[in-house]
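This report concerns only the one structure given below.
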Amino acid sequence: MATKIISYEKPKLRNPVFIEGLPGVGNVGRVAAGYLVEELKAKKFAELISSHFMPIVVIPQGSQVEMIKAEFFYWKAKERNQSDIIIMIGDSQSADPEGHYEIVEEVLKFLKRLNVKEIFALGGLNIGVPTERPKVVGAVNDSSLEKKYKKYNIVFDTSQRVGSIVGAAGLFVGLAKYYNIPAICLLGETSGMPFLPDPKSAEAVIRVISQILNLKIDVSKLQEKIREMKEFMKRVEAMQAQLLQPPASPTSEKEKLTYIG
Amino acid sequence: MATKIISYEKPKLRNPVFIEGLPGVGNVGRVAAGYLVEELKAKKFAELISSHFMPIVVIPQGSQVEMIKAEFFYWKAKERNQSDIIIMIGDSQSADPEGHYEIVEEVLKFLKRLNVKEIFALGGLNIGVPTERPKVVGAVNDSSLEKKYKKYNIVFDTSQRVGSIVGAAGLFVGLAKYYNIPAICLLGETSGMPFLPDPKSAEAVIRVISQILNLKIDVSKLQEKIREMKEFMKRVEAMQAQLLQPPASPTSEKEKLTYIG
Amino acid sequence: MATKIISYEKPKLRNPVFIEGLPGVGNVGRVAAGYLVEELKAKKFAELISSHFMPIVVIPQGSQVEMIKAEFFYWKAKERNQSDIIIMIGDSQSADPEGHYEIVEEVLKFLKRLNVKEIFALGGLNIGVPTERPKVVGAVNDSSLEKKYKKYNIVFDTSQRVGSIVGAAGLFVGLAKYYNIPAICLLGETSGMPFLPDPKSAEAVIRVISQILNLKIDVSKLQEKIREMKEFMKRVEAMQAQLLQPPASPTSEKEKLTYIG
Amino acid sequence: MATKIISYEKPKLRNPVFIEGLPGVGNVGRVAAGYLVEELKAKKFAELISSHFMPIVVIPQGSQVEMIKAEFFYWKAKERNQSDIIIMIGDSQSADPEGHYEIVEEVLKFLKRLNVKEIFALGGLNIGVPTERPKVVGAVNDSSLEKKYKKYNIVFDTSQRVGSIVGAAGLFVGLAKYYNIPAICLLGETSGMPFLPDPKSAEAVIRVISQILNLKIDVSKLQEKIREMKEFMKRVEAMQAQLLQPPASPTSEKEKLTYIG
């Protein structure tokens, strides 16, 4: 099946910017992007499903089954100093290495058709220790972006702190270059519990992206939002625990089936 | 080779419903669907083979080789309050994660061509402890189905009990939505021995599906049917035990070959 | 790259039969088919390479690099009671599960174009204990073949002895059915050392296939032939030992590279 | 996404030769080819990216993200006894077995379009023990090449020393045969620390290739060049350490994400 993007609406957008937030360390990207969706009341217009996600469905509430998926939302600029925005949030990253490349590239082709002019990939940066004032570290696919954004509260001696980035956030910035789309990775420092949302780090990332895009975002409801997320994340986590064995092997197959089939 | 469906006949069916039962926890889905095939004397009309199944053939009896496969049967309504039915039963689920998506999607395309109007995915729900009176839990891809079926003996506070569903049964319900086919997962509670058929749970599922589809199914022969199944299941199980190692590694390769080549 | 068959010649054959022998338990199939190639002085006309084989090249002698591959040979009938024959021998089976399906199916498509009328898949059957008089067990994709061949020295109460067959030999017989090619698996009993050639078992298989095809094969040189094979097999074995780790993981990657790059 | 080659320029070359150097044992091939690029001041004209590389990006310095990639450079002959040269150097080999085949074949198709007349694949040969005077061992895809190059300082009793070659270097030589391109593997003896550059072995390989191609290469700056490389290699190494688990399994997934996401 590979990867599919299903559109429910063709929004008319003027050179929108793209913001990406998938689960990862401290869930910083996912929480920050998800919060922007809620605060901006962005409108959902497309979904991405992929055979590179875990072969499960989740039932967040009631009896309604949900695929593991990513969702696309759009928001139209209200003021002259703002841009139209497309935001992608997701339940999971690829469960296999090749999938990261495929999913990111399918999204980039989709964004190209939507005339996206710039990409902001949000994520967390594991600094190993808790921090009261998490910084936001920037990584770019074009040096001009460092100049453009150095006036904001972003740390750009990235190489010393990061070295490399695993998964979708990094590939969005790296692959976007081949699509001639300027892209920047905004990474919030965190102590790096996987999937355990780090509100402070997410808040730092939200502040930077809001400044850049001239958005007035009230971060006071962030804690509450995170509480809501946790239940769903626990579900996904529970499944991942189930799938610890290499999925190709019948053991894990059996494990899965002992849970349900 | 991916996944192939080979049709032996083009049955003329009027908006049939589809019932799916593959091996899984308590083998509930496989046993229930297999029993319906026998009781309804449904006619086989197609087979599915896939490179996502284990690379083995089975010799259930005599000297005749059988591929690991899924089979499609049809049954034509006898009375005005019944529907034409297509039933899929299989020997195995995908041996790799991507395969679950591919197999389910190939089947959905096939069902779309057959004008299937509704999907019933049968499976087991591992509740960890033995139960005298297994309940049947429902998960749907459209909330209207909960209303439609709540008058039957189905538990719909699914989220609390299930959380998520691994493998084909869940993906059938989740992916069917993108094909505009209403789908419901009927999961019989079981103590969850993998592949060890749980007759009580299968019986509970058969009773619910029979009521919904106005089928008169005599469940008295279920025990006997399960005895027949066991021999074949043992064969498949034996092979799976053989393939415990990650199949990509030469060790398991060697293991397999020590068994036969 | 998937799987490719490169033809060096388009032999004119009249409804040839096909004999397959790949490495496996006791190397029975590979040894038996390889010996037939030599004794019949069959002519090589095609090669199969596949990204499902290990990513290595072998240097059997001198400085000449050889891909891991399978080779196709043909032999034209000398007498009226004989058939034209195509023989496939190979260095390896697929290193991943899907590969078994893909390689077998690519070969079947190739055979269909060559009007192959029947398939003989040769292999070994691990009976766990050494045997002085190894039997040859048969598994078929059409019951008529059991009748056709029961007059030969083949044991057909296969189900009790075998149960299932892993890898190419079994899939050739199983998949051939979908190509309407009658196929029989001839499995020589062996104590089942993987890759350690079992001359007695190979000899038993050669005797049966020679009888069926009215070939006069002198088995006296079998031992010698096996000695020649061993050196090459050791090479392949050495590499497989190297690749024990799941190849996808950097450990094994590193392992490989520590050996050579 | 598979594998892509992006060209930035269509160089006009007259029957160029191709030199390949990817990371591997002692990093011999990568170091030797990289040094040639610098000494010849070869011009970059294309890049290769692949979903078979690790799903990471690296930040070698500043804030600029770099994909894991291979790069193509060209150099035009200055004298009548020289050939135009294309050199490929890369950050990594494929992270999965199939990828080695796909990447090598995509490059061979690319080289065919550039009328490459001969291939030199550079690598290291792990002899287990340190050596003061590393020899260069040759493996070829056509015996005529042994005659052609035996006058150079190359050891050709390859079979006894090597037996087999894992990864890209060997596949370049093996697969080139199917593209009718003569190819030779030049392997420098090394004690075989993975990725730890072995300057002596690289120097031996550089001397041989320079002699063959009539290049005047000053090896005095090799040590310095290796120092520069190390920092970047450490980055890639760090990531590989992170990805030790089979990448398909959520553990490693999680591991990655704990590092960054």
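Residue numbering begins at 1 within each chain, and the chains themselves are lettered A, B, C and D in the order written.
Everything below uses one rule, namely that a contact is a pair of C-beta atoms (placed from the backbone, for glycine too) under 8 Å apart; a residue touches a chain by one contact, two chains touch by 3 or more.
As the structure is a computational prediction, the values presented were derived from the model and not from experiment.
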Considering only chains that satisfy the touch condition with chain A, which of them also satisfy it with chain C?
B, D
Mapping chain B onto chain C via their CA atoms needs a rotation, nearest 5 degrees, of 90
Looking at chain C with chain D, do both copies bring the same residues to the contact (over half shared) or different ones?
different
Counting in whole Å, what is the centre-to-centre distance of chain A and chain B, each centre being its mean C-alpha position?
35
Counting only Cα atoms for the centres, state how far chain B is from chain D in Å.
49
Identify all positions of chain B at which a residue touches two or more other chains, and write them in rising order.
54, 95-97, 243, 246-248
For the complex, give me every residue of chain A touching chain B.
1, 4, 6, 49-52, 54-67, 95-96, 235-236, 238-239, 242-243, 246-251, 253-254, 256-261
Can you list the residues on chain C that touch chain B in the complex?
22-25, 28-29, 54, 93-102, 105, 123-126, 138-143, 146, 156-159, 162-171, 173-175, 177-178, 185, 187, 192-195, 240-241, 243-248, 252
